[in-house]
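Okay, got some structures for you below.
Below, subunit A partners subunit B and then partners subunit C, in two separate complexes.
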Partner chain A sequence: MRVIAFAGRRLAGAAVLLVLLSGVIFAATAVLPGDAVSAVAGVDASEAQRADVRAGLGLDRSAAERYASWVAGAVRGDLGNGFVGDRPVTEVVATRLPNSLLLAGLTLAVTVPLATLLGLWTGLRGGGADRLVATGAQVIAAIPEFVIAALLVAVLAVGLEVFPRVSLVPLGGTPLDVPRALVLPVLTLSAVGLTVATRLLRVSVADAAATPYCEAARLNGVRGTRLAARHILPNAAGPAVQALTLTTGALVGSAVVVENVFDYPGIGRELQLAVAARDIPMVQGIATTLVAVMLAVLLLGDICARALGARERHGR
Partner chain B sequence: MSRQFDRRAFLRRGAAGAAALAVGPGLLAACATDEPRPGRKPGAGSPPRSGGTLRAAFVGGGASETLDFFKGPSALDLVRARAWHGTLGNLDPEGPDGVRYGVLKGIDVSDDLSAYTLHVRPGVRFTDGSELTSADILHSLGALAARSTLPVYRLAAANFDLARAKADGDLKVVLPTLRPIADGRMILCQGNFLVVKDGTKNFREGMPSCGPFRLTGFTAGQGSAFERYDDHYGHVPHLDGLELRSIADSTARAGALTSGETDFAHDLSPVTARTLADDGKVRLVPTKSPYLVGLSFQMNMNTEPFADPRVREAFKLAADREAMVKTVFYGNAEIGNDLPSMGFPDYAEGLPQRAHDPERARKLLKEAGADGMRIQLTTGPETPGMVEMATLFAEDLKKAGVRASVRELPAGQLYADFAAYAALPLAGSYQMPIPALSTYQMNTAGGSPSAFGWKQAETDALVAKARAESDRAEAKKLGTRAQRSRWEEGNQVLPVFKPNLNAQAEGVGGIGDDLFEQFPGFSQASLG
Partner chain C sequence: MTTVLTAPRRDRPAGLRAPRHRPPLLIGTGTLLVLLLALLGPWAAPHSPTAQLAAPFQRPDGHFLLGTDVLGRDVTSRVLSGGRTIVLTALAGTAVAGAVGMTAGVLAAMVSRRLGDLMVRCVDALAALPALLIVLVLAAGFPGSDTAVVAAVGLATAPFSTRVLRAAADTVLTSGYVEAAVARGDTRRAVLRHDVLPNIAGPALVDTALRLVASLHLTATAGFLGLGQGGAAPDWGRMVNENVPGATLAATPFLAPALLLVLLSVCVGLLAGRLADMVGRGTA
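Here is the complex of A and B:
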């Protein structure tokens, strides 16, 4: 019951935050230098043509006016049409967001079990293995994503030819129709996520293992998997879960590099293209959606962490 | 790199960071565009096939791609439309009027150059069995193209009174000109005037059309699929089907080609193209003149040093054109002569080629009292090679005694902030291939903002006179005189024309035969 009340409170807070942040995003688009006129009418359009196009796009109205009409549409679920190509923003979000969520979800599915195992192993063992994994993780975390992607491509796509070089999705299909094409993007994103999560977990596992509570459990003869699963993990997972939700939420919109290298049809690149073309309705729609996703993921993370915390107190 | 760093830095800032996270990646241009990729050894891949389905990869425009080519600005929107719809005609140096007609039989020009009569080719059928008539052409030109804001259609609107076009029976359309012009065929038959059925408002799969292929599937940002239209006018394509895919990244496009996932890759970056040079299974097929993109530097005559013609000449002499072609494009480009539209029939090819003469440049600058001047060259990554060109030009300028520096704007900003662009003292830019004189009239004449302070009533008048001259030799003479004044006094350094660096699998052929190479057509293509 307390969790539901907590979730309700946080949900209301998130809604308010979403509205505020949509205003911040709009302000950001308003201060971006330039507008979409050149993207729509070409660089060589005359002043009169520019003015026409500007009026046609509604850019001659004040920013406040434009924001108000955007909000009015958004509450009815209408995010407007993009300036470039005139496509409904909701349609673009609806086709691209699921792909990005899938990519982030799969990355999470790879990262969590591996990070848990590695974190527990290194945190509890210490010594040479720990130092090796910790250094390895640090090195991988320091390599830019596109280098990891290029290495994976060189070895797995070009050298061994086990996975396709480019994630071409069949027309009208989804990435799930070509599971092989998902492997390299997920591996690239997982490499970075895994190293961060492992390092976080390793520290909290070591901390938890040193608590008197665990000491007592150990003295009572609890050993191995049981010790790790029942006594250490619940205590160590809290901070790691929150960190992981942050990275995962961010992954949805910021996998641009991976989307580019593998030509994965995600939403991050759409946002990037829209910003370059100063396509304000598209930027606004996509960015607000991503903020909503981020807030939802954060909320989930908080609920998980709270549930773990409750258990922890109970356990003591 | 910076992306990774930013993500982590933002993470620490909790919820407020959420907005920044959401917007951040878009603001930071992707940094993965041109990473050197380990070369692929020839080996596996699909062998050439006859008939079959050709798969081609283009940059595309992401999820904002549209079937309505009057609204879609990306190259792929037009390529897709070319496969799907009939065309008025394409430029063809070997054709009788310098053009090869499509759904037209020919174009007559009235003696006073006040009207063009388009003769419809009889027997052209749409996929629903109906015959193409003047009403369809009228709808495509007068209703759809006239309302388009895209630059490609503006050239026609600047020369013809599209709204007053009239049908004369089923097989004739009369198109009045806005002023007397003799080169209107070159404008109407540039390849981008495509014809859809009368009354078409919404472009959707399954709508009747008369191009070489029927559209069978379309997903914006991913691709489109076609099958051959067996009743296509003229000749029927060799291919059974066609698939046009969007692959934004140049390296990824090349990768898809070398791994056999596609048969044709459009517009690769010079670096990517070079990595393909050793690959025995693919062939580089750069577009040929006139389908070359001009890379240029605009000197703003409203700013101090460039008001002096000696300074402008010095800047033109300082450019080491051959080095640019060799270094930036690995030899895959042509040297420019400071005039746009190379290769078009109205281009002044008779003018002498500008030399590379840093000594003389230095002397001219000294005479003008501009030696040691400081200048910032502003450009952006709008087309592959532009930033590299600017970097080289700045080095050339330094050798001529100019203290030059380069400022690179983030992707998209150079032209988006047009007021700032038009006020730049020195801007690195590019020109799409379009005819010389009509383009001058539209974009440069009359002190247009994109002319960077060039305002010469005499040249404007010469161009107008050249275009209104029916005698071809005389028109050529007048046009060359007008372009000579731009060449001598003008404010544009145009050192290099670069092709679209396309590549195709060994055995693929016939793409160039479809003309209008910058937006490849596949009606005569085969897989070999």
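Here is the complex of A and C:
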């Protein structure tokens, strides 16, 4: 029951935060609508045409009024229509978000086992290997994602010609129809995610290994894999999951970049196209969706960490 | 910055971690070289970085040392001219983040605990937004403006500074000597000037260095996504974006800026890490 009450409280907090942040997003994009009108009406439109466009887009109302009606629509699942091509924002989100989640899921599937192994190894062993991995992670973390992607393209797509340079997906198909096209985006995102996750796990593992509980297990003769799997990992998992979810924001950013490098048909690609076309409703809708997804991940991480923490207490 | 980093320290115990205590000569030189290239490069460009001079994706030759890019512009000139915006924008963004973070952090530590907690809560809400999302959204609101990129980079990285500096200032404010200073009647301003600011200078320096790493990362990415001053202006990030589609035709147009970005971000990143290690040990 306590977990449910906790989840309810955090859910309410996340909802309030979502409303606040959607307001911030709206304010940053919509308070200055000058370019939205020129973008739709064309640069050489007459003043009357511009006024028509402005009224047609509903930009003649005050910002607060527009925000209120936008929120009212958003609650019903209607995020309005984009300026470019008049596409419903909700539909774009509904078709593109699953592709991005697929990318995220595959990245997690690659990253979690590898990061767990590397984190356990470096956190328990210390010494030279630990320093090497830590420095390696620091180096890769500093490089912008698109540069990593470009280098991977240079080696794997151009040099060895193993994987396609762009993730072209046949019309009406899903990225799963062309698994080869998924490799480079997933590889890039995994490289970025692995550095973050390994560093966090390494710290958690080192902390867990220093607890009297693990010390006692070690003195009782528990060693090697058994020590790692039974004693260290359950104690390190909670803090590591929580720390990991806090980096979701950065990973959402990475995903946006990687989708753009490989022309992957995800929501980040749509966001960049919308920004380039000054398609304000699309930007607002996609940005708010991304924030919502992120808050959901944070919430899930908090609940997972708490569940893992609770088990740890019973285990003692 | 390098003088601080290479200053000899004799008080360190030799031991397991001793190899890391050598002054970072290699990284320092690398950083200096790439910064000089970025800042002075525009004056050394042999051709106009924006003029179309030849057919696209020409192989490197005596006339065009790194070949030509997607529009037939000289890659050498564009590489030489394309770093300044990134470095200056990142520095400006770091300055904004540092100023905002320092002010907000110290303020949050100096006011009542409740108000301070509220401030940090608001800052956390801002930190929940992905940094790149802030940059993209602001770029959509203020298209084609480098100032918007600077503001966005500053805004996206400031929340972390605020937290770190508040924690640092908090430690100082709850220490015995500050209590003594307050007890003998020092004003808040005097406490701020003589106790708080000198003592959080170390953490603030480390924090600024880490923000610079984040700023470079974001600025380069903003360039790649075509935000900020657009069009033909050279920018390492945008060059990668423009020339990756022609990767099979010519590698230098995107590899040259990509490798320079690697050099720049890795060197600055390692320097910041080293600085954090040093100050961390110094204050611990």
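Note that in this section the second predicted complex is superposed on the first by the 300 of 316 C-alpha atoms of A that agree within 3 Å, B and C clash if a C-alpha of one lies under 4 Å from a C-alpha of the other, contacts with A are read in each partner's own complex, and residues count from 1 in each chain.
Operating definition for what follows: contacts are C-beta pairs under 8 Å (C-beta built on N, C-alpha and C of every residue); 3 or more make two chains touch, one makes a residue touch a chain.
Values in this document were obtained by computation on a predicted structure and should not be read as measured data.
Chemist: Putting subunit B and subunit C on the same copy of subunit A, do they fit or clash?
Modeler: Subunit B and subunit C clash in the superposed model.
Chemist: Looking at the overlay, what does A:L79 touch: subunit B (first), subunit C (second), both, or neither?
Modeler: The answer is neither, since A:L79 touches no partner chain.
Chemist: With both complexes overlaid on chain A, does A:A28 touch subunit B (first), subunit C (second), both or neither?
Modeler: It touches subunit B and subunit C both.
Chemist: One more residue to check, A:I280. First (subunit B), second (subunit C), both or neither?
Modeler: Only subunit C is touched by A:I280; subunit B is not.
Chemist: Once the shared chain is lined up, is A:A154 touching subunit B (first), subunit C (second), both, or neither of them?
Modeler: Touch status of A:A154: both partners.
Chemist: Go through the superposed model and pick first if A:L298 touches only subunit B, second if only subunit C, both, or neither.
Modeler: both
Chemist: Based on the superposed arrangement, let me know which partner A:V205 touches: subunit B (first), subunit C (second), both, or neither?
Modeler: neither
Chemist: Touch test for A:V169: subunit B only (first), subunit C only (second), both, or neither?
Modeler: first
Chemist: Just subunit B (first), just subunit C (second), both, or neither: which does A:G127 touch?
Modeler: In the superposition, A:G127 touches subunit C alone.
Chemist: Of the two partner chains, subunit B (first) and subunit C (second), which one does A:L102 touch, if any: first, second, both, or neither?
Modeler: Neither: A:L102 stays clear of subunit B and subunit C.
Chemist: Following superposition on the C-alpha atoms of chain A, which segment of subunit B from the set 43-51, 241-249 or 385-393 overlaps subunit C?
Modeler: For subunit B, the clashing option is 385-393.
Chemist: Check subunit A for residues that touch subunit B in one structure and subunit C in the other, and list them.
Modeler: Overlap of subunit B and subunit C footprints on subunit A: residues 17, 21, 24-25, 28, 32, 35, 144-147, 150, 153-154, 157-158, 165-166, 249-250, 253, 256-257, 260-261, 271-272, 274-276, 278, 283, 287, 290-291, 294-295, 298.
Chemist: Provide the residue numbers of subunit A that touch subunit C in the complex, in ascending order.
Modeler: 17, 20-21, 24-25, 28-32, 35, 127, 131, 135, 138-139, 141-147, 150-151, 153-154, 157-158, 165-166, 249-250, 252-253, 256-257, 260-261, 271-272, 274-276, 278, 280, 283, 287, 290-291, 294-295, 298
Chemist: Which bits of subunit B are touching subunit A when the two form their complex?
Modeler: Interface residues on subunit B, with respect to subunit A: 1, 3-4, 7, 10-11, 15, 18-19, 21-33, 35, 37-38, 40, 44, 61-66, 68, 71-74, 77, 149-151, 154, 217-225, 243, 245-249, 251-252, 255-256, 258-259, 261, 410-413, 415-418, 420-421, 429, 442-443, 448-450.
Chemist: Which positions of subunit C touch subunit A when the two form their complex?
Modeler: Touching subunit A: residues 16, 20, 125-133, 136-143, 213, 217, 220-221, 224-227, 237, 240-241, 244-245, 247-248, 251, 254-255, 258, 261-262, 265-266, 268-270, 273 of subunit C.
Chemist: Write out the stretch or stretches of subunit A touching subunit B in their complex.
Modeler: 17, 21, 24-25, 28, 32-47, 49-50, 52-53, 56, 82, 84-87, 91-92, 95-96, 144-147, 149-150, 153-154, 157-158, 161, 164-166, 168-169, 171-172, 192, 243, 246-247, 249-250, 253-254, 256-257, 260-263, 265, 268-279, 282-283, 286-288, 290-291, 294-295, 298
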